[in-house]
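Chain naming follows the written order as A, B, C and D, and within any one chain the residues start at number 1.
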Amino acid sequence: MTLWKRFLTNRGALLGLAILIAVIAVALLAPVLYPRGPWAMVQRPFLVPFSTDGLPLGTDTLGRDVLAGLVYGARVSLLVGLVSTLMALLIGVPLGALAGFYGKWVDEGAMRFTEFFQTIPNFALAIVLVAILEPTLTSITIAIAIVSWPPVARLVRAEVMSVTKREYVDAARLAGLSNLSILVRQVLPNTVSPIIVMASLMVATAILLESSLSFLGLGDPNIMSWGFQIGAARTVIRSAWWLSFFPGVAIVLTVLALNLIGEGLNDALNPHLSRKGRS
Amino acid sequence: QQDGGRLDLIVQPEPPSLMLGLVQNAPTQMVAGQIYEGLLRYNTDLEPQPSLAKEWSISEDGMTYTFILNEGVSWHDGEPFSSEDVIFSTKFLQDNHARFRGAFSHVESVEAPDANTIVIHMKEPYGPFINAFEAGSMPIVPKHIYEGTDYATNEMNATPIGTGPYEFVEWEKGSYIHLTKNEDYYIDGLPHIDDLYYRVVPDAASRAVAFETGEVDVLPGGAVENWDVARLTEMDNVCSSSKGWEFFAPHAWMWLNNREGPTADKRFRQAVMFAMDREFVKDVVWNGFGTVPTGPVSSKTNFYTDDVPQYPYDPEKAKELLDEMGYDGTPVRLLPLPYGETWQRWAEAVKQNLGEVGIEVEIDSADVAGWNEKTANWDYDMAFTYLYQYGDPALGVARNYVESQIQKGSPWNNVEGYVNPEMDKLWEQAAVEPDNEKRQELYTEIQQQIVEDVPVAWLLEIEFPTIYRCNVKNLITTGIGLNDGLRDAWIEE
Amino acid sequence: MSVLKISDLSIALPKGADRDHAVSQCSYEIGAGEILCVVGESGSGKSMTANALMGLLPEGVRVDHGTAEFGGKDILRVSEAEQRALRGDRIAMIFQEPMTALNPLMRIGDQIAEVYEAHGRHRPAERREKALELIREVQLPDPEKIIRAYPFQLSGGQRQRAMIAMALALEPELLIADEPTTALDVTTQAQILKLILDLREKHGMAVMFITHDFGVVAEIADRVIVMRYGEIVERGTATEVLENPQHDYTRRLLDAIPTGMVPQSVEVAKAPALEIRHLKKTYNTGGGLFREARAVRAIDDVSLTISRGEVLGLVGESGSGKSTLGRAVVRLVTPDSGSVMVGGTDMAALNDRELRAARHKVQMVFQDPYASLNPRHRVMRALTDGPIAKGVPKAQARDRARELMETVGLGADAVDRFPHEFSGGQRQRIGIARALAMDPELIIADEAVSALDVSIQAQVLDLLRDLRQRFDLSILFITHDLRVAAQLCDRIAVMQRGKLVEIGPVSEVFLNPQHDYTRTLLDAVPGGGWGQAAE
Amino acid sequence: MAIAGAILSRLLKAAITLLAIAILNFFLVHAAPGDPAAVLAGEAGAADEQMIADLRAQFGLDQPFYVQLARYVGNIVTLDLGYSFRQGQPVLELILERLPATLILTLTAFWISLVAGVALGVAASARVGKFTDTLITGTALLFYATPLYWAALMAVLVFSVQLGWLPGFGYETVGSGFGGLARALDILKHLILPALTLGLFFMAVYMRMTRASMLEVAQQDFVKTARAKGLNPATIRRRHILRNALLPVVTLAGLQAGQLVGGAVLTETVFAWPGIGRLMFESLAARDYNTILGVFLVSAAMVIVFNILTDLVYRLIDPRIGHKA
């Protein structure tokens, strides 16, 4: 567990972890904190933050509690971020692994396919996908996953290629293990570290992507998300700055936290790798 | 009065085309209304005014309409305008203009006894007919350019030629449309302004900024979200006006699917009416603009009555009605109108209101195309919409409630599927009744019955305030406001 | 007269390092024109000393104590600017890895000329001329072309020559060479050593030559220092140290060195364990749609036989196809044609499923003890995965694993540890145990001891020898180190560019080489001393 | 010669990729609910069946799907992107009208982000662990985490509305009659805010990458060689470390420069920038099939063009490429 220890000595990573844990806690507690949900119109519209008891961040255009929206938005952001990343991994890891492990035409085919998706501008593709599938939490998550898997496939491919060249993989072959079990049991576990680092950064990107789509009006209208809050508040940004400011800060903080964690993991993993390569 | 100057206006969204004969979208009408003209205009009381026709008369029996055209009118390319162009236009529009086609179905024949006269013979008297001659309903297009060509692909569509007070100069796609003064306009001294710039700014907040920073002088109704209206009108030298929408009288409602689901039950529909806090929406979402409607006909439209059953905000009543019908809590879908944040908030407010009386609402989402598709194919439970009334219930209201207008594939008719043969008879009678008093009686009866049935949930008579700098004078003089108003507008230095 | 006088040098390591001092209390001098060899095992502090002298200590490592007098100054204490002025000018250094020591994006000529630039010598136009001269001096072929070449276009030996050219540019008084030949194969190594000797002769510079190879020491050293754990354990002239070592450690090091004594070959004439017939393998590389493909004949019609219980040494310089041959035998590489008969099965002709079933017959011991064990699996798993896949019951496989760990001298309890808890030599033993676990008829050992320090190398070789006796194993022993080959093998096969140029009993091949290439190889071995048959 | 061959082969592959993309998009776009005829009719606020049928026939939508597809592919192969019935203009013309605005915006943003990102990355790596480094990395991280559109909104609020320094939207002053230099300056003024907001994120990306790459290259053996030569640290950093460290940055930059063209939708929307991103978004809402497909194709082509350019740049920097057989 030296990795964990090294990670914990990184102040940025600790900060990120603290923020993320806070966000997760808030997201989980949302129904307890605000049993009426984020849509309830609780007070006069456009109440300025810190002016009314019980409504620390004020109210929005319809008199809904901004803080309640933020709290529920955390659920959506995290959910979309995690699930879409998971889906992207489910596409990217097998594809990259097969490409890197089998090489030759499997590789060629898989990489052409990946390249193909990389050639389509990905934000545009996400927009089109969401528009076509009609914006629901599911379709948004799928769209984000579809545009974010190619880098995963490339990373996994490269990692698998390099691990496959290691001698213990040859040893496993000589032990008579099947290709599949070599790939799954010998190769993939040794590519996990960089994938985890990448995944933590992807969650961050997915959160940004969801908020961008939401901002463009391509969010799920039944779900309160941060991007939705900003998008909805954009038109009143002049008279009610707080409506877009706080969700903006929430996004920045969460994404920042994930990035800090990602970098922390990266740093924690890297000296390990480089020292091993050197000695 | 002063001549000269330049006026920057917002047009939103960017029109697909400026050829008014082919495309009648709202933004097209707003810009092309300066380029093309109709035979008549209408003032804010919806009375006919001269335009290309300087005089007109209707025979006693309502079967013959005669128009005397202005002399010395020429097209922007210098070709002379004549009654031939009008005759050609009726043919052109028959092919390309749905609303025109509807109105002209009552027409037997059109003839041009001489270069300045048009005579229209009717099949039957049709009261609202005189309301169908403004530029949007019947734009006059140049025969010399279109005759014998494929209208849709005619290259001149890109550089429209009309008779109007302004000529087309340039269209920088995505940026602006530039019109300039028609120096040879047939009314001496008009127009006053040298250049018009219609600016395309896709984001509502940016449009507000554009006005604030002085880049733009006129914000047509709906250009900025309602929340910004109050703030903008409080600025120095800024005026606003709700006039200029009388002809259209945009009327918003929620289609309730009368065919299936809980919305097929009248009590449910009534419950919806009681459950909605429409005043709240008007005050909060629409910032106080507009009027809560009493029924299908707008208070600005002819033959309106308020002598109908009322539906105040009364959640308890709504719950009672729901209990009575034994509503089992089946969730209903609500399709909002994808026209910006205001409409989105509105749907959210309705969802919340209905939720409070125990109706679980799920907001469906769709962009404009999706909305069209779903409503036109009746794939909805409740759907927002708003439609123009064109000054007369026969033109803009009847289409939404008569059985003959139940046609899958179009969202501009009886989409809710309301069937009431008795009513249909009354509508028909009212349309061809030449006597206005009798028409009023018939329409009152219709309104009373329909409001009782609640085929749709009426939401708001929308008011779109136009915001402009106070030194722009005479901006809104007609019932279609900015769509043809710039002819008379001038700028005070 | 000494050029460099080091007194009482101690270099401190940062906290958490494996010991406090990389180097402690070392004192020695180097005279003008003298070659001082610093020898010692990996981690003994050789490189740190050199880096300290150059002012290139890695971050966190610092000089704790002591002086190094050079040209009247203590170069450990001068300012960074002064250090810079010395570096490359009066003290120059060359490094171990020629492949990575040159900037891949710069032309060779520019990299050499840069030395002049750094010290403000000559006008830019002249620098090129000077660089050309240097390239000639280090005997790089086709100097006009080389000066414009990029590092990737040069072989390892050529790059090392270019490095030497750089070091010589300003005729330094002291040249520090940190294992400059370790990464090169024998023939190239011999050429570089000769070059250094020649240059020393010509320029009269002092050389501090760091190595762990006593063969090299024997070849070039005037005087020798032996280091261990950062301390000097022995010093003296080359002959003194090599022939009459005083310290125990030195003696052990020397003993561990393969002697170069050729053992009398034992007679082995049993049934063949491996029969290779007309084996061919060609690699086609880089064949794109518009790119020319290059074909490398890695194995070019090789036939040979290994008898039961025999150890066949396969030698040859880098790239000659040794590994490819070894891997073809275990079918990690599928040959283009020919057959590989192991115990009656043609390994080259099996399909995937048959192959998996036949795999256990031939096993391999790999070169890199660090890369050949899955870092995430315990030793137990490494040793049992194969047998279990082969169908051995789990419990039995586990018992056998423990037994094997005893056999290779690590103790049965070690099976529950992870690879990183073992040293390099220990890992190599695990690798051997893993191969044995499959009950193979033949073991391929590809450079199995090359990555190990000499003393550990000796232990592993002993182990192999022992196992071979006990299990009557056949071994194909691939190495580029002829001394090692001579120690263990019964017969020797020599490969050159994919072809088998010579094969025969050890004594014959070494004492009476038939092929020119074999002779070149033998001549290149540092330390020489062939031609003595063991009594 | 080898380079020309390589490019030719790339182009061939690119053409196939593009065709595949065109077909995929065709399916995608047609899978969306609604069609352009209905939208056009819908916007008119009134329509009957005849009108919609007429429009469909005019747009060719009454044909069976495979006929439409075949016709589309046929057009693409002859480099004809079709006709936008909605806008009454050939799609290619429409796109070419809008492309310059997008290119100006994205290329400016690209260069700003690249130059500033690399410079900051170098600065941070030179003082690794010190305050400057922390400051730069911290700021970059912040940019990296900030949603682009939010930054844009805030920038307009501050610089355009509050301070009034810069125009908050648009491409140029409309109807100013500016020509030549004056017009260029005018466009430049409009360009600043969108280019900066678009560039911030990427600047952060390049900064992080450059820094990491610099630190990694600094560990490599040849840097030690350079130091052993007695070169001063500045020269080492510039000549040895930076050049090598730029290689991965160039790869990434090439990948992103292409993506930028199609990815500026948000910026173009917030700043009313008349580029193709917005054209795509608006056409999508209107189901103007040919235009969406055209924009997609052109953006994909841009990605490919930039990839090829990147390769060329890479070849210039790295002599190993193209030689390695």
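Everything that follows uses one rule, which is that contacts are C-beta pairs under 8 Å (C-beta built on N, C-alpha and C of every residue); 3 or more make two chains touch, one makes a residue touch a chain.
The structure presented is a predicted model; accordingly, all values stated were derived computationally and were not measured.
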- Note on the structure: Strictly by count of touching C-beta pairs, the top pair is B-D
- Specify the chain most distant from chain B by Cα centroid. C
- Message: Roughly how far is chain B from chain C, centre to centre by C-alpha average, rounded to an integer in Å?
- Response: 87
- Query: Taking each chain's centre as the mean position of its Cα atoms, how many Å separate chain A from chain B?
  - Reply: 45
- How many Å are there between the centre of chain B and the centre of chain D, using C-alpha atoms for each centre? 39
- Taking each chain's centre as the mean of its CA atoms, how far is chain A from chain D in angstrom? 22
- Message: Give the residues of chain A touching no fewer than two other chains, as numbers and ranges.
- Response: 131, 134, 234, 237-238
- Which residue numbers or ranges of chain D touch two or more of the other chains? 32-33, 153, 161, 269, 284-285
- Item | In contact (per the touch rule at the top): chain pairs | A-B, A-C, A-D, B-D, C-D
- Query: Of all residues in chain A, which touch chain C in the complex?
  - Reply: 166-168, 170-178, 186, 189-190, 276
- Note: in the complex, chain A contacts chain D through residues 112, 115-116, 118-124, 127-129, 131-132, 134, 204, 208, 211-212, 215-216, 227, 230, 234, 237-238, 241, 244, 248, 251-253, 255-256, 259-260, 274
- Contact residues on chain B for chain A in the complex? 203-205, 208-209, 212, 224-225, 227-228, 231, 284-285, 336, 338, 340-341, 344-345, 347-349, 351-352, 362-367, 370
- Complex contact set, residues of chain C against chain A: 327, 330, 332, 356-357, 359-360, 362-364, 366-368, 370-377, 382, 385-386, 389-390, 431, 434, 438
- Residues of chain C that touch chain D when the two form their complex: 54, 56, 84-89, 92-93, 95, 97, 100-106, 114-115, 117-119, 150, 152-153, 163, 166, 285-286, 288-294
